[in-house]
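First chain A sits with chain B, and in the next complex the same chain sits with chain C.
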Partner chain A sequence: MALKIIDTIKKRLEERPNELIKARKEGQKVVGWQGYNIPEEIIYALGLIPIRLGVGGDDRLVEIGARYISTKNCVFCRETVGLFAENKDPYIQNTDFLAFDATCLQTYRTAEILQYYFKKEIVILGVPRNFYWPEAKTYFTKEVEYFTQRLEEHAGVKLDSNKLAETIELYNLTRKAIIKIYDYQATKERLISWEETYDILQAGYFLDRKEYLGLLEEVLEELEEKQGRPVIEVDEDEARIFISGSVIPPGDKKLIDIIKEVGGRVVGDDLWSGLIPYLNVEIEDYTPAGIALAYINRTPHGALPYLDLETDRRIIRMKELIKSFKAQGVIYHTLRYCDPYTFKAKETKDVLQQDGIPLLEIHTEYAVSDFEAIRTRVEAFVEMIKNKQ
Partner chain B sequence: MSNSDNLFKYPEAIRDDFIRTEDIVFRDGSRVTAGEVWQYLTEVGPVKYPNIYDTSNYYGGKISGDVKLPFSLKHNYLLLTMDDRMTKAKANGVPVVFVQGGQSVDPYYAAGGIALRPASTGIWARQKEEGLDLNQEQVRSADVKEKAYRAISFEACNTAGYEHIQEGSLPVDMIAPFSCLRCSDVSYGLEAHRHGKRKDVKLFLVDYPMDHQKDKEWAVRYFAENIRRLIQEINELTGKETSAEDLRKEIKLHNEGRKLAVEIADLWWSAEVPPTNGKDRRDLFQLGGMEVHGDPEATLSLLKEAKIYIEERVKNGIGGYGVQGNPARIFVCGSCVFPNEYRTEEAGGIIVGNDNHWSDITTMVEEEGDPFYNLSKAILSYPYEQAIKERAKWTVEQIKKSRADGVLFLYCWGCNTQSAVARALVDEIKLQTGLPTLIIEHEGRGSEQLQNRVNAFVEMLG
Partner chain C sequence: MSKIEAFAGVDVGSLGTKVVILVAGEIAGFSIIPTGINTEENGLNGLSGALENAGLDREDLKFIVATGYGRISAPYANKTVTEITCHARGAHYLHPQTRSIIDMGGQDCKAIRLDENGNVTDFAMNDKCAAGTGRFLEVMANVFKVSLSELGPLSLTATTILPVSSTCTVFAESETVSLLARGEKPENIIVGIHHAIANRVGGMFSRVGIESDVFFSGGVAKNIGMRRALEENLKIKIAEPEKDPQLVGAIGAAVIAQNSWKRGN
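Moving on to the complex of A and B:
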């Protein structure tokens, strides 16, 4: 039984491109961004409209993008370039300038290609790889302050501390709401699925953030009214799957649809395009520096190498989430040439095996040629989990 | 396949001239005479490592045959003795650190370590097994690499020596590469060591900031801190303290090498007839990185001697061995792969320059002032690591100096960060120079497909 509010969110998403056209006519600027460490709060507080760019699942756009970037780059990067090359997507058409970060080196390269071939103005945010060092935090703080200055130049205004504080409160509430909805999707009642939750989460990157918070609160009201407090329990005959690994952007439905089709139930994720950026964002000081520290102290992105397996916060967080969502197996999704996650697949499998959690790696692209091969493997994995109960 | 009939033999006729050339002087103060080098190359080497002496043109690493260039013989000697020298250094308590290629190694040596890039580590590992012919050695190397692919990913190009250090027994003490855009795999290869068997190997990432890094004061200071910490980590292995003066002294030594390499390149490029073949040119230019032999002092002694011979050849119009008349001159851009120079020369071409393993060499380090800051500023200024237009501007300068007729961009299968800008960089170069360009992707090992494309390009350049 779908929640009524989900239809409203879908409708608002359909209306959003025209709203952006109108806003731009009225003088507002739209910032298309991509990355893991872009402090969206600063963009929003400056009166700019943040839109996270990038979709997946379209092999045709991948092919177009590969004419500019290489076939040895992940399909997400290639499709991003393809979007700009084709220039038909309304969000691409309606960005005034771009903001990319250097968390993933391929994202950084994507920005270079967009600058070179499509003459895009791009503000780039440097990200330290030794992110846990105090000196790295100082470096990142300086980067965020410089990033802010460059945004101010584009916006034509100075960052107002009151507006920033309001925005941080808004984003904090948004993060809390998303975490709560994630709890609901993992319950027995299944009033909302992980797939719907994920779509709602993605909607936030396109809709106005104030309106979006209101919609999230309505989702929660409807859930609380129908179900009360969420209690996560395992249902009989379930195969509860946790998704990890490479980005799954809007439009990339292949793996998720297969899991559903063969009787698996996704109950959680630690994707950088999913839940993980919303966790543990503790902004103590309401300044760009305070935001920088909070962002760099979050669960790190897999593209930032960490050299001690035992204390890797990304792995610790993944284990905690698997436990709290009561997942029974992990499908580790890796895109071809996504080295940050692909290189860790076997290691992650070995780590989870120690806790008795099975892991299946699905290494894929956006082409449909491997659909049946993936289905066979996922089906067997789901069956194995069900048989273990 | 090697057999005694197709092994390279240094001609006795050159012996007397060669043994009168300079000694090689090592970092630890020891030296080896040219006579001892000759004896090793002609008696010991062919027995221990017959694969190196294979004369097939299909083997890109074969000995160049330009036997009248003493540096070339001494370079081979230093490569052939890698295992002996590293074993000796280890016995003397000198730690060996795995780094990535194309980066300067001044701080590693300042701290009392030896920095070995992947190719040098590979050479050392291969020498752990003696008596193999070329076929046996190549099968063995492929098998060993497969172990790293299984432990990391088949999409890995650079595996940060995982196969030798974790799956093999190479006694490397530390893995500490720069994380620059030259190779993205090396950072994740480094990270993979955390799940390897050997827990005694230190892991350290020298974090290279991105985007206009050389112009940002905070980025320069952050990278300087990385250098400081790197040195501290090596100090923990040696039990010694490294001072700023030690680093300054090391920078001066490496600057001398870099400067000599640039002077040699200018000489080489100025010559009407290429004074060496492509293989010797590449070996010679790369010596300026001071890292290929695992002994900067030894490398420096080769550079000094080589310059005299190159000057002489240029002055007298003497061409390199195997170089055809009026060859098509090719400049190679891209990542850490290279075509077979011998077969390129057979086809009527010659490779006259490359950007990889050159951008770091052309970047001098300021010697006055804070050495950590100066080194950081220089490293962050590598032209190869700049944005497309800035990198292209420098590359075009090198192409013009080298008087190249065409430009190849090569990258290894799985190389994300170099492949990403291949098209844009060659488009910009084409725009600036009007030269023909070709992008080729291939796997690390030489292949017929790669060479077919290179040869067709040479033919087109005519």
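Moving on to the complex of A and C:
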């Protein structure tokens, strides 16, 4: 049975577009952002309203987007362009300016397209290609400082150090709460599913962050009251799946629904649209530079190369998460023309195989023509895991 | 109540519906019919044909497992299992030393790895397009104005392997038409097509690894030219099938039906 608070979150999401219209009328500005390294804390601390843009799963929007970029570009980027071209999405309509980062070069190029065709004002955050060098840290710190200046110009105010400190505390608590909810979804009790947890996580990119933290705390209260502390154990006849790979944005339900339909259970992820950006964020110095350093020390996005497999934080983190969620197999989701993750599919499979963790790559897009073919693969993968037990 | 304990595996593929009846672990009957637009009806017709072939009645069947793409429309089945698992069990039943399977069906192509008990350990399938499948070869046979069964023997008469660069069905068809227009011999083009498919299968095995013994299943496995191209391209020896390789999925489904009945599920 679903938690009561989930209905409240859904209701608040429905009400949110009208709130944004009202806030804009009152002079507040909405920043639509996309990327992995955008320091949302700074946007929020400046009194701007951050909204992460981008949905998936709608082939019609992909086709509209393909009027402006190549059909050989990432399907998520095409749908993002389609959203702007159509201009019916309430979040797209209620955005004053955009902030994109250059983590994934296709996202960065998408920003250029939005600027050229739809005359959007965009603040770009540069991102180093190698996160491990001291020079990269210096570069990213400078980029975040410049990004802050640009935002200050838009906000018409200077960043207040007290407000930033307050915001960082708020985001730290949010991160902790999300990590805790993720533990609950992987337990035998199943009071909350991964799908519900993922939807709750996505809600945070639309709702006001203060209110959102309150809602997360209510989720945790309800869970703690009903279940006590989360203990992750494997149930009999389960096929516990860990999801990795390309972005799974709101609206893209195909793969997740198939996994559920064929008897698999998702128990964790390291998606950049999922849990991974919430992990390992240690902000020691409550300044833009401090945030930059903390972000650069997180698990890097898949668009950046594996420089040394033995020490790569993504592989290490992925293995840790698979272990802690007690996952029995990985479904590695690659979106058509999402090069960063598609390039790494076989390599990741071979690396995990050394630890006896099976990986199934599902390469797909938002059209439904491959639904049955994907179902056969996922179902066979689930059968394989169950037969192993 | 019938005292006979018979088990059926129904494999409703995109081109053919195959049914196998097992009694006491032995194949008692089978049927192969073309798949039409009503997959449920195809399964039931195939079942009737196989029962008749085995000299059995419907009440003799204790458990039915449906597989293949039509498994989702099989209310007559007690259980559905994917064709990947079924091909592994079927190949293991026919040739227990099997560790790798190349399965080429009507609309897809698979590389399957299995353990000594016939359990799948890894697999890869062709993505989206029909290249390397029965449908692809059907289109090609149509270009050469020969029957599907003639493609294999024709390719064995080739004097050279003409490279066919594309394995997309539509592009390969136009490429083939161009080669014919240039006066190239059909057998040399056909062998090139087989090698192009074999190359693609090699790509799938690079993802899952290949280990002997290698078993070739599915309708395309009847094509001697395809078999030869795979052996040459992958540098492997394919195990000799004792039964029609098109029946492997249905055999596996029947084996699973028998085991499920014994386990009580």
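Here is the rule we go by: the second predicted complex is superposed on the first by the 389 of 389 C-alpha atoms of A that agree within 3 Å, B and C clash if a C-alpha of one lies under 4 Å from a C-alpha of the other, contacts with A are read in each partner's own complex, and residues count from 1 in each chain.
Here, a contact is a pair of C-beta atoms (placed from the backbone, for glycine too) under 8 Å apart; a residue touches a chain by one contact, two chains touch by 3 or more.
All values derive from a computational prediction rather than experimental measurement.
Colleague: After the superposition on A, what does A:Leu105 contact: first (chain B), second (chain C), both or neither?
Modeller: first
Colleague: Per the contact definition in the header, classify A:Thr376: touching chain B only (first), chain C only (second), both, or neither.
Modeller: second
Colleague: Could you tell me if A:Tyr286 is touching chain B, chain C, both of them or neither one (first, second, both, neither)?
Modeller: Once the two structures are laid over each other on A, A:Tyr286 reaches no partner at all.
Colleague: Answer with first, second, both or neither: which of chain B and chain C does A:Phe343 touch in the superposed model?
Modeller: In the superposed model, A:Phe343 contacts chain B only, not chain C.
Colleague: Report for A:Ser70: first if it touches chain B alone, second if chain C alone, otherwise both or neither.
Modeller: first
Colleague: Comparing chain C with chain B, which touches more residues belonging to chain A?
Modeller: Partner with more touched residues of chain A: B.
Colleague: According to the stated criteria, A:Ala136 is in contact with first (chain B), second (chain C), both, or neither; which is it?
Modeller: After superposing on A, A:Ala136 lies in contact with chain B but is clear of chain C.
Colleague: Considering only touches as defined above, state whether A:Tyr332 meets chain B (first), chain C (second), both or neither.
Modeller: Neither partner.
Colleague: Once chain A of both complexes is superposed, is A:Tyr146 in touch with chain B (first), chain C (second), both, or neither?
Modeller: A:Tyr146: touches chain B, not chain C.
Colleague: List the residues of chain A that touch chain B in one complex and chain C in the other.
Modeller: Correct list for chain A: 346.
Colleague: Taking the touch rule as given, give the residues of chain A at its contact with chain B in the complex, in rising order.
Modeller: So the residues of chain A touching chain B come out as 67-74, 77, 102, 105-106, 108-110, 112-113, 115-117, 124, 126-130, 133, 135-136, 138-139, 142-143, 146, 305-309, 336-337, 339-340, 342-347, 350.
Colleague: Per the contact definition, I'd like the list of chain A residues that touch chain C in the complex.
Modeller: 346, 349, 358, 363, 369-370, 372-373, 376-377, 379-380, 383-384, 387-388
Colleague: Name, in rising order, each residue of chain C that touches chain A in their complex.
Modeller: 69, 72, 81-85, 108, 119-123, 125, 127-128, 207
Colleague: Which residues of chain B touch chain A once you look at their complex with the stated criterion?
Modeller: 150-153, 155-156, 179, 181, 184-185, 187-195, 203-205, 207-211, 213, 216, 218-219, 221-222, 225-226, 229, 387-389, 411, 413-417, 419-424, 428, 441
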